[in-house]
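Structure provided below as structure tokens; questions to follow.
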Amino acid sequence: MGELTPQLLALQLVTGVALGAIYALLAVGLSLIFGMLTVVNFAHGAFFMVGAFLGIYFQTLTGSFLLSLVITPAVVGAVGMLAERFLVRPLYGRGIDYPLLLTFGLSYILIESMRVVFGIEGLPSATPAALRGSVDLGIGRFPLYRLALIGATAVVVLGLWLLIEKTRFGLIIRAGSRDPEIVRVLGVDVAKVWLLVFGLGTAIAGLSGVLAAPTRAVNPEMGITVLAESFVVTVVGGMGSLMGAVVAGLLVGVVFSMTSLLAPEFAELSIFVLMAIVLLVRPQGLFGKAGLMA
Amino acid sequence: MKATGVHALMDLVARHRVVAVLAFLLVFPLLMPYEALAVNILIFGLYAVGFNLLFGYTGMLSFGHAAFLGVGSYLTGMSIVHAHLHWLLAIAVGVAAAALVGLLIGHLAIRTRGIYFSMVTLALGQIVYFAFYKAESWTGGENGLRGVTVAPFEVLGLRVDLTNPIAKYYFILGFVALALGLVSRILASPFGAVIEAIRENEKRALACGYDVARSKILVFVLSATICGLAGSLRALHLSVVPIDSLHYLQSGQAVMMCLLGGMGTFFGPFVGAAIFLYLEDVVTSLTRHWMAVVGAIFILFILFFPRGVWGSLMARWQRSATREPSSPAVEQSGPA
Amino acid sequence: MSNAIEKSAPASTVTSRRRLLQAAAAGTALASSPFAINIVRAQGAPIKIGFPTPLTGAFSAEAQDQVRAAELAVKEFNDAGGFNGRRVELLVRDDKLNPGEAASRTLELIEKDKVDFIVGSLSAATQLSINAVTRERKVIFNSISQSDAINEAKDWSPYTFHEALNPHMTAGAVARYAFPKFGKKVVYLTADYAYGHEMVRGFERAGKALGATTLADIRHPLGAADYSSFLPRIQALKPDVLVLCNFGRDLVNSAKQATDFGLKESTRLVTPVLLFTSRVAGGSDAFEGVVGGTSYYWGMEDSIPAAKVFNDKFRRAYGGAVPSDYGALGYAGVRSVLQAVLNAKSTDSDKVSDAMGRLEYNWYKGNQFYRKCDHQSVQSVIIVESKSKGMKDKNDVFTVASIEAPSESNLRSCTELGHKG
Amino acid sequence: MNGRAASDILIEARQVSQRFGAFQALSDISVQFRAKQLCAIIGPNGAGKSTFFNILSGSISPSAGSVWFKGQDITGLAQHEYARHGIAKSFQITNVFKQLSAHENVRVAAQMRHARFDFFNPRARLSAVASQADALLERVGLAHLRNRSAGDLAHGQQRALEVAMALAAEPQLLLMDEPTAGMSPEETVVMMGLITQLAAERTVILVEHKMKLVMGICQTLIVLHHGQLLAQGSPDEIRANAEVRRVYLGQG
């Protein structure tokens, strides 16, 4: 390829990071839930999709993207908590298969309900006026919104880090992710913690939905491919490791972006190859087993 | 008295489970709205049974089994379309290829455990998917492989025309019967006991002196072989091989069928496949929101019949059986 | 009265109930009134058309529009008295856009429902697997979605008809319109599957004659949600025209993201198939200034009388709604088969196939006919440009830029497709 | 009972050391165990008993030194190889096939010596294995529970079942990690009785921290302390050993 200039590579890198941002966000939610509840949430992609739909809905309702950035995750998180309380909770202690398959069934229902409410074709999603258009980074033009996306992800991850490292709730999560017994010993109502963690994880999925909506078509099936991708990221990073989720998210984003440049047809495959290699060399994933934020 | 009646029946079924299932399958088409559905149930029933060998009996949840269904389908299809092989040879090729791919994937995947195992099988399965997707000149790529047609032929003096649905059903049933016989033998064999031991407690199985790694590879290959046969038959059934047969959603289907019917039981997966496909068929023709219905039914099953339809029946029966310790079925063939 | 039920209930479920009613009707009739005989004849065995299409999934909007239009054609035919008293019945099945499901459903339609004809499908893969099943059983299949492969001798059979445009025709027409207008330096962003490759081939063939040069053909995974990682390179290549050789949601996503990357400032976006529903779903921003081809746009009623007639029928039947491109194909697909039945005075596959091959028709978009060698419907291609301002209502999304008249010369030659003669 | 020929040495550890990162769990342990003896490895918590046990039973291979069985170096063999050589073990935490019946548990264990990869012939044909399993259940006193699934058995019964499974391999060496852990006094008595019987036919090595329990029945004791071999000998010699008194008995 003749036109492989440094500028192009640099721009490609930025693109990869922007892609990775969404991956990371999704994986963080998955990883949080798995780390604490050892529940493999197959409805994660569906919660992401619901987030995208509700995001647009609340944006048009309130006329403010920022407002919907707050409301939507709250609503999605609430749905998540309902799911945990009435569907997932009865399955604790039954191994990982059952919750996994139950959430899979749940995803079907979420997809269909969005079809019923918002229609099979989905909703047109507009980029918030302030973030429209593209800016010249000196290495080429890049969409302003995707830059904002990178920023937003950084903020969310930082906030999460503070929550987990600096608060009592975080302490409990860290303890719980290693051994639920400890939490009981601490005299905490574990059930409540699990409820909150599941809510938090799904809320983050919803948030990534709102953030991703302006960059792509919003339709009921949008969560299906996303699910596979975010699993790859979570597993590469090591289930239950937030740090892993973030690092792997960016890694996968960049790998995907670079293969799209050098061998576009293999872009999709590349992330699966990456996962296979990582797991065969390190069966626990990059940051597996290590503590949540380690 | 009712319990003992059920018990007697189930006992009989368990003793001669293959005979029982065949007797049922012989009249099965009469119960189905149309033959193509019955054939699908045969094929996916077999697919689920093969998958269950790994999932239900050895406790390894693979998300990559579509690879074996697909490879079986494609290799059989390609042997007919490109190499013009005899159908029997084509089936053999498909099954052998599936076994080989099973050996490769199994060999790599068993290094990992739990969800990581599931994910590695998923990834390797996707790699197979992609390989066939890209080999467009041989596989037809996304358009799928077309023209897998078999001219009418003679078997044991009988003329078989695969465009005749009834003939096709019994033709395919013949192979399914053989495969079920094999699976039944595997489960009743010494190795059958070993894989259950591995499912129950890997550490202890090692301490007992069993080479767990090799046992896992062997069961993986056996499972792949069965699923490969299901694939081969599907190619003959549909006369096309859709690329979707390699997709991970197809792997997911095997899991659902096992779960609906009851994993770790002999009939369970078959029952699951029947319920799954029949429900899908009925529901889709009634409402466009079939996904919601299927999803809901699925959740209800996991919450209230975690053992699946057949599994729950078995559980009830065994409770009554353990009251009479002299039930041979319990110790020899294990759960039917 | 069985009529009433047929209207009220979805086509896919009426069958069995209708049978009962017929039996009852016929029974009582025979027992009593002198009109018995002609009632029975009037009720005579219906002509059945199987209609597999993805009622659920990514293209369900188009699919359901196809069904509506097809039912319109059926109703017309029945209201006109059917074929010597025999009514037509449309059996709709959901193929879930999955070729395996499509094949099973086609088997069901042929083996259980004993349909006389099959019309339908909404993807290359599903139509090819339906075709594989129908040709083996000598059942006529009129495909109403795009594919080049189905014309080729390898897949084709005397019972195979292709009502829809094929990628070669569509891409060629768009190329002939766009390259002279927008420039000759071209980059393709192509969904990596047969349909995508076929469209690129169509563009490049037409482009060669016009002196267009291909800077790059970038192939993206089918169904990708994010295209950003393909765009920096395209940006660096600075093409006059970016051709998005993908379909439906892939098109919506790639157009949207190309717009975000500011590509439109120096490059024109072009696509072979600009779907009505995609445009409605994608919104005007993403599609602003995008030019593409289509088999039908309701807005052509100003210049094409047949379109006006068809639109009005459709509006009347469905509360003012306008037919979409693929919807219209559902109407044409069914109507051609039924016309052929009338001409052949028979439902026998060979006779109808023969009559259909000789059909010259104008159902909704001007004159059409099926080419002898491959039964491809030779028809006009409409070039539309997406509107972003001055839209009268939500359906007013395109302006008709030009209409390329039907001509066999725009098709690949019979010999190239592997047909003799 | 000293001064026997080296020929009847069954298993032997030669300069075995084990370190986990910075932590030296065992340093330079050399011990010999004779055939058909009942021996106990004792020592306060953290003395390295379990580590040593795991090395002898092959769950971990030592960072230095070697393990010899019947004059053959078996260091670093795969877990399952140990069982095939005739080394069986029972775990500290009960470790059975919970969903399988008591009989099936033992049957599987016994089957190992006859068929491991045969997936075609009915296992019902291995009637010898089935009857051996029944005999073993009889021996550990679980015959009446043969069809009960192992998970439903009481703790003591599960331990007994484990012993039966270990015996099924007809081992020359039986390694038992705290066989009476968590048992009621009554169960403990029964278990110790059983163990003494077993030692008549094969070498049995126990890990035990309840010293009093083993003093009575063992021929040889190994005392570990901070990963060092502190003393080795008959119960009397150990009682007499001043070192042992100081570090061990001293603290109760």
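Per-chain residue numbering starts at 1, and chain names A, B, C and D are given in the order in which the chains are listed.
Just so it is clear, a contact is a pair of C-beta atoms (placed from the backbone, for glycine too) under 8 Å apart; a residue touches a chain by one contact, two chains touch by 3 or more.
Predicted model, so just to flag it, every value in this text is computed and none were measured.
K.L.:
Starting at chain C, how many touch steps does it take at minimum to reach chain D?
P.N.:
2
K.L.:
Average the CA atoms of each chain to get its centre, and name the chain whose centre is farthest from that of chain D.
P.N.:
Most distant chain from chain D: C.
K.L.:
So which chain ends up in the middle if you average the CA atoms?
P.N.:
Looking at where each chain's C-alpha mean falls, the closest to the middle is B.
K.L.:
Just give me the whole-number Å value for how far the CA centre of chain A lies from that of chain B.
P.N.:
34
K.L.:
Taking each chain's centre as its mean C-alpha position, how far apart are chain A and chain C in Å?
P.N.:
Comparing mean C-alpha positions, chain C is 38 Å from chain A.
K.L.:
Quick check: how many Å separate the C-alpha centres of chain B and chain D?
P.N.:
42
K.L.:
Provide the C-alpha centroid distance between chain A and chain D, rounded to the nearest whole angstrom.
P.N.:
So the centre of chain A lies 49 Å away from the centre of chain D.
K.L.:
List, in ascending order, every residue of chain A touching at least 2 other chains.
P.N.:
If we look for residues of chain A contacting two or more partner chains, we find 265, 268.
K.L.:
What positions in chain C touch 2 or more of the other chains?
P.N.:
Counting only residues that touch two or more other chains, chain C contributes 56, 60.
K.L.:
For chain B, write out the residues touching at least two other chains, lowest number first.
P.N.:
Correct list: 291.
K.L.:
How is the touch graph of the chains shaped: line, ring, star, complete or other?
P.N.:
Graph shape here is other: it fits none of the named patterns.
K.L.:
Pairs of chains that touch, anyone?
P.N.:
A-B, A-C, B-C, B-D
K.L.:
Within the complex, which stretch of chain B touches chain D?
P.N.:
It is residues 185-186, 188-194, 196-197, 200-201, 203-204, 206-212, 214-215, 218, 222, 322, 325, 330-332 of chain B that touch chain D.
K.L.:
Can you list the residues on chain B that touch chain A in the complex?
P.N.:
61, 108, 111-116, 119-120, 122-124, 126-127, 130, 134, 248, 252, 255-256, 259, 289, 291-292, 294-299, 302-303, 306
K.L.:
Can you list the chain D residues touching chain B in their complex?
P.N.:
57, 78-84, 88-89, 91, 95-101, 103-104, 107-109, 111-124, 126, 130, 146-148, 165, 168-169
K.L.:
Under the touch definition given earlier, write down the residues of chain A that touch chain B in their complex.
P.N.:
Residues of chain A touching chain B: 34, 40, 87, 90-91, 94, 96-98, 101-102, 104-109, 111-113, 115-116, 228, 231-232, 235, 239, 265, 268-269, 272-273, 275-276, 279-280, 283-285.
K.L.:
Can you check the complex and tell me which residues of chain A touch chain C?
P.N.:
Against chain C, chain A makes touches at 3, 5, 7-8, 11-12, 15-16, 18-19, 120-127, 133-134, 140-143, 145-146, 215-217, 219, 221-222, 225-226, 256-257, 260-261, 264-265, 267-268.
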